[in-house]
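Each of the two complexes below includes subunit A, the first together with subunit B, the second together with subunit C.
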Partner chain A sequence: MTMPPIRRRHGAAERSLSRGAGPVAPAKHALTRRSFGALVAATAGAATLSACSPGPRTADPNAPLRIMAINHVWSQAIAEHLPEFEDLVGRRVSMRLLTADQLSNSYNVKLNASATDIDVMMVRALQEQILFTRNGWLADLTDRVEGDAAYDWTDFQEAPRERSVTADKVVSVPIVTERPALYYRKDLLEDFGGAPATLEEMLEISLELADRNNGFFGYVGRGQRSGAVTQWSSFLYSFGGDFTVDGASGIGTPEAIAAYEFYGRLLAETGPPGVTNMSLEQAMPIFAQGKAAFYIDADAIYSNFLDPGISTVIEEVGFAPFPAGPAGSVPHNIPSWSLGINRFSLLQDDAWEFIRWISGPEMVARLQAAGIPGARQSAWDDSATLASFPNDLAESMRINAENGKGTDRPDVIQVGRARDIVGRPLVAGITGAAVPPVAADADAEFADFLIRDNRQREF
Partner chain B sequence: MSTVSTVGTTSVPSGTQRPTAAPRRRGKRRLGSWLRGVTITVVCLIVAMPIIWMIAAAFKTNVQVTDPNVGLIFSPTLENFRSAFADGAILGSMLNSLIVGVLSTAISAVLAVPAAWAVGRFSMGRTGSLVLVARIVPAISLLVPWYYLFAQLGLVGSYTVLVLSHMFVAVPLILWIMIGFFEGLPIELEEAARTDGLSAFGSFLRIALPLAAPGTAAAAVLAFIGSWNNFMFALILADEDTMTMPVTLFNFISYASTDWGGLMAAATLMTVPVILAAVFGQRYLVAGLTAGATKG
Partner chain C sequence: MPSPTLAETPTVAPERPAARATTRSGRKAIPFEQANRRLKWALLSPALGFVALMIIFPLVFTLNLSLTDAFGAVNANNTYIGLQNFIDALTDTRRFWPAVWRTVYFTVGAVLLQTVLGLALAMLMRKAFRGMEIVRTILMVPLLATPVAIGILWLLILDPTNGIANHLLGFVGIPPQEFLGSVSQSLPTLMLIDVWQWTPMMTILLLAGLSTLPEEPEEAALMDGANAWQRFRYIILPMLRTTLLTALVLRGVDALKTFDIIYATKGPGGGSAFEAETLNVYAYGLTFDYQEYGLASAVLVLFTIFIVAVVVLLRRRTGRTSA
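What follows is the complex of A and B.
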């Protein structure tokens, strides 16, 4: 006797239902596979629709205030003070720390879905504020900041305060500011009379001190196409250029080309190999290892050079203001990180109370005294808040803040794309290619980009 | 007159001392063996280098990690492991990864193994292809609707949502490994069981499933490894209490600096369970992955 083959489409199903070897007549109301599938799909659809129906729009009284922040010294410092705020408002605070890219990705996914589980958002005002405002993700804080005399909105430095405004609305509050610092080796610069005052002097000394065959470099800095743009901005400004001139591309001007060529030569002739792959994470350790005479990067990272776990130049490192170019010393002075409120948050009042508390005059002074440069002028005017910084660093920060411009990248919606375009001649300069033709190409592309970007600016 | 050599006999011509072919062949074999050894060693070193670097860095200070002059000879420190364990986040997230990995793998196996048997035995190719779509669609594109749906259901931040999202990856993986495995099993065994009175499902449960144990183990190990290493779903769908290990690793990377030593210590700890799973499951992995290769 031979069995009917199992590999059959319909017979097999019938057998499995009948639990016997022989074929049986299908039951009158037997559930077919097709109708079973339809039933499952209908059930899933109903569940989805019921899930998507508007839920309760009031916050759970026991829900924590949720802060999403970058893993930054500021976030680590305020974590210690959070119990004070919890006692103040009677609500638990939950803070989640991520890297900058992860934070950005989380916002993009969650706020696209109108998430309510983010209340306070740490944002990069210069990188994503325009996009987030355009998407309607940031709550309008204008009345809150301007209607509170005790908060004293005008106490914030002008440049960071201006960057908090998009489409005529205050949508963020600056909490951490940054300027470029010239980190240099005091022991090596003694014979040259200390830190250079001009970029030309810095180049000359770098050329003299560089011993690249033996692994010592005159200057180390960011060389990555997009990552280098923010630090290069101070070179651009100090050569008299800007990213845009009267709303049009400014990266093809003679000043911009001179800045590209200077920065390229500095890194090409005195910098480490592979510098076009270097951003902060790669360049900083080279100086910390004592393998370079100069390094220019954010002053917020100074503590890395004073940490014995990372640095071998704790005694030798010096801090100086940004050296002057043909147009003087014009560094950036930017709000690197700000706080905003998620427009979909159900705890907007508590979120504002948190921002008001953490960015108020008293707390900013306390944080600045702990080594985190804030944006309030009152804190900068109080010498006690600068006591935690090395003297020469505090002085360079003060001078850079006075001379600084409020942005270090193009002021556009798609900042990442703009940085890619602007960074192209930078890489050409570092690799030894002729800068003017590359800058001309980039200039034309940036001009088109700006036109398209302007069209998208409808809030 | 020329000399004729035949297999099993060797005739040497009188008056001549020409070297025989055997020593030449031995020399060639020795050279080939030597080259093979060198090639295997070089490839193994290249593949193992990141793991060697990771383990070495876990025992270095941050100064040593970033100093290219410090290679594999240095004074080791356990400080990175101490700091990695200090705040408890690593242990908590390892436990979360374990819970999510075990649950998602187990539930996926319960669903996908019978499904694979059905697809393999009853020619449900289209159904199998439909499930495969889940592997084709980029996971990132699903996150916005998933997040919206799960947020409305109040599931964001729970183990449930993490297990469900990981199952989305694990079910097609197990299904497709097991389809090949079941197709490779002799159908006569199940036909004999049916003749003896077992139902179709009974023949699966009592005959096919025990025979497919190596394949099931291999698929489960691969699904568990996939879940253990999954980063994107936990980043968006987990909260502080359910955060898994791959996301927690980023606690060692801050805005202006990276704690390389702590990061590598945590990465080493994260790698250990995967290596153990691979070592203990190796026998099944090889058997499972080659299943069906000689069918027909």
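What follows is the complex of A and C.
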């Protein structure tokens, strides 16, 4: 008869103890060096094994679908619709909202440890996508998006769609798009014939309206080294420049230097004090409080100026397309936020079902009608989805989308480092330093950086 | 029955120490006390192992990473490059050395100011006065707030356009300042914020030290005609030196590691011209903004060596003084 396993284990323990006991009484309580070592090793081994255990490789049927997202109007809007999806898929959905930096850091920490507790990832396609793909953190969605006629992948606007592809694989789906908008004070611009059509005109009016000693500024915008780069990109393109030209650094070209000097002069001579410490969070309230005539920033933030809790210019604010530079009006038109699937997720099918549902034609139209600009052309073609936007804003968005370029920052792996390099001449311009020498230095640094970036792209 | 002769008396074997027990397999067993002692260590070992793991593992991991070209992800295929990251860091005059200088400048400036102010406040509060408890409670307030909340609070106060600080300065005829928005004013402003937050801590530590000092030497000096400054300089300060140095070590190490206030007010890289980038902020940027884990680890190893050296130096000084 076989002993039940539990008895066998007990017996084994007894044998082990009796083996350690000797014929002399005190030795009954003694440990040999070997058994002491074995005890310590077993304890350490058990601890290590339990810590390093890979855990179950299949998802718990009751596990929620975990979404990590930025605290954004899009996330707040979809929160209302989540119960619909829970009913559809029969699984609870848990969404965690963080700031952009926190979100990026959380991915870095968790995915470096191959964490499975993130299923759907809200990512910035232009900021993190190449790095995350290189790291193998984003699941390949190519077959899913292209093999689903009802999903209609080709309905996505070309520029955002192209940005979803890294290393010939679709790794994200754009959900929010963004262009720069020119926010201006209609009441102050009446005498000038309305919104300026060119950048030069905007500078002239800014200089004329600025009364800096009394706290009124012609133009307010981002001035932080890294934070300003994305908004400055539209100035760069409209001056005929680009971050890279034929794969080499483009920030030392005459066009780029002209764009640096123009942006620097605009903020240095007509902008608020302390502007080099200003990103969106600091610049936006200055315009909202009626202390500036012009402000250029993402069109996605327009609702701040119509919110009586924040804005004193609800009646006065006007919206216009990006003014033309020497090379015309070339603003960016980018997928500011996209959705991807964590490659370590145990719920990849459900994660895709979520992305398919939330970025499908119907839901994008619903969200756009609620004021969140999406990436589907069908939604943009449907005038009903634009009804929630002020007329002049909807028109400026349409024009900017037509003229727009699909990126607002260098297309590299280490976007953070690239922005720091590109932003240096920008700060020089704002602080009144000579731009050409700083641009030449930054150009040389950026050229070295691009060589290294090319090497690291071999993945 | 004749008594046995001495010669016949059976010899009793002399009592020998108990032979060490042997196990069935012939190995020597350990006596109870010794076993008990070992068992104690065996039972303690999981907790000790856990603590050691939490301290040693990150250190060893960081040290290992600092010798590799780790970039993008720490679990990628990294190559060992020897001390190249250390060489890169130590020859970097654009970011690393300015960050070292700012770390020292910030720490020395902030801690010295806190010490002087803390000592002055502690001397004032040494003798009981009416409302002392209320004053002590108010003094504690900056200590209770989180650094990020403090950063945001000061950002609002010091905002060059909408902040209250420039309005108040305007009342006394001082022109508006850029404070945290200025390249040259940022670090001194951050030092003052740190002083505002941590002077109470210094006050509390020094007040505790003052309360333990004997009163007789001071009374004797008073009888000999020493004035207040002489009593402070020649009686109180020497007796307080050990407490003072301990407070300096505690606060100094803490100030060296300051991160949250700088990041909350100046953002990544310590500002547009890296004007407030200390070593901690630099290492954070290398890790999370640039994903250069190898170089970041090397900077952190150098930073750890720097902190340990400062602590050892101050501890030696404390040891000599107390001896």
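Everything that follows uses one rule, which is that the second predicted complex is superposed on the first by the 413 of 459 C-alpha atoms of A that agree within 3 Å, B and C clash if a C-alpha of one lies under 4 Å from a C-alpha of the other, contacts with A are read in each partner's own complex, and residues count from 1 in each chain.
The working rule: a contact is a pair of C-beta atoms (placed from the backbone, for glycine too) under 8 Å apart; a residue touches a chain by one contact, two chains touch by 3 or more.
Bear in mind that the values here come from a model prediction, so they are computed numbers and not experimental data.
Peer 1: On the A-aligned overlay, A:289 touches which partner chain: subunit B = first, subunit C = second, or both, or neither?
Peer 2: both
Peer 1: Of the two partner chains, subunit B (first) and subunit C (second), which one does A:131 touch, if any: first, second, both, or neither?
Peer 2: Once the two structures are laid over each other on A, A:131 reaches subunit C alone.
Peer 1: Using the touch definition from the top, say if A:414 reaches subunit B (first), subunit C (second), both or neither.
Peer 2: Only subunit C is touched by A:414; subunit B is not.
Peer 1: Once the shared chain is lined up, is A:225 touching subunit B (first), subunit C (second), both, or neither of them?
Peer 2: Second partner only, subunit C.
Peer 1: Give one of first, second, both or neither to describe whether A:427 is in contact with subunit B, with subunit C, with both, or with none.
Peer 2: It touches subunit C, and subunit B stays clear.
Peer 1: Applying the document's definition of touch, where does A:110 land relative to subunit B and subunit C: first, second, both, or neither?
Peer 2: Only subunit B is touched by A:110; subunit C is not.
Peer 1: Name the contact category of A:384: first (subunit B only), second (subunit C only), both, or neither.
Peer 2: In the superposed model, A:384 contacts neither subunit B nor subunit C.
Peer 1: Scan A:88 for contacts with subunit B and subunit C and give back first, second, both or neither.
Peer 2: A:88 contacts neither subunit B nor subunit C.
Peer 1: Subunit A residues touched by both subunit B and subunit C?
Peer 2: Common interface on subunit A, subunit B vs subunit C: 19-21, 105, 112-114, 285, 289.
Peer 1: So in the complex, the part of subunit A that touches subunit C is made up of which residues?
Peer 2: Against subunit C, the touching part of subunit A is residues 19-24, 26-27, 29-34, 36, 39-40, 43-44, 47, 101, 104-105, 108, 111-114, 131, 134-137, 215, 223-227, 272-279, 282, 285-286, 289, 291, 413-414, 416-417, 420, 423, 427, 430-431, 456.
Peer 1: How about subunit B: which of its residues touch subunit A in the complex?
Peer 2: Contacts found on subunit B: 61-63, 66-67, 121-123, 143-145, 147-149, 151-153, 156-157, 187, 190-191, 194-195, 197, 199-201, 235-236, 239-240, 247, 250-251, 253-258.
Peer 1: Show me the residue ranges of subunit A that touch subunit B in the complex, using the header's touch definition.
Peer 2: Subunit A reaches subunit B through residues 1, 3, 5-9, 12-13, 15-16, 19-21, 48, 51-53, 55, 70-73, 76, 94, 96-100, 102, 105-106, 109-110, 112-117, 280-281, 284-285, 288-289, 298, 300-301, 303-304, 309-312.
Peer 1: Tell me, which parts of subunit C touch subunit A in their complex?
Peer 2: Going through subunit C, the ones touching subunit A are 18-19, 21-25, 27-32, 34-36, 38-39, 41-42, 45-46, 49-50, 71-76, 159-162, 176, 178-183, 186, 266-269, 271-273, 285, 287-292.
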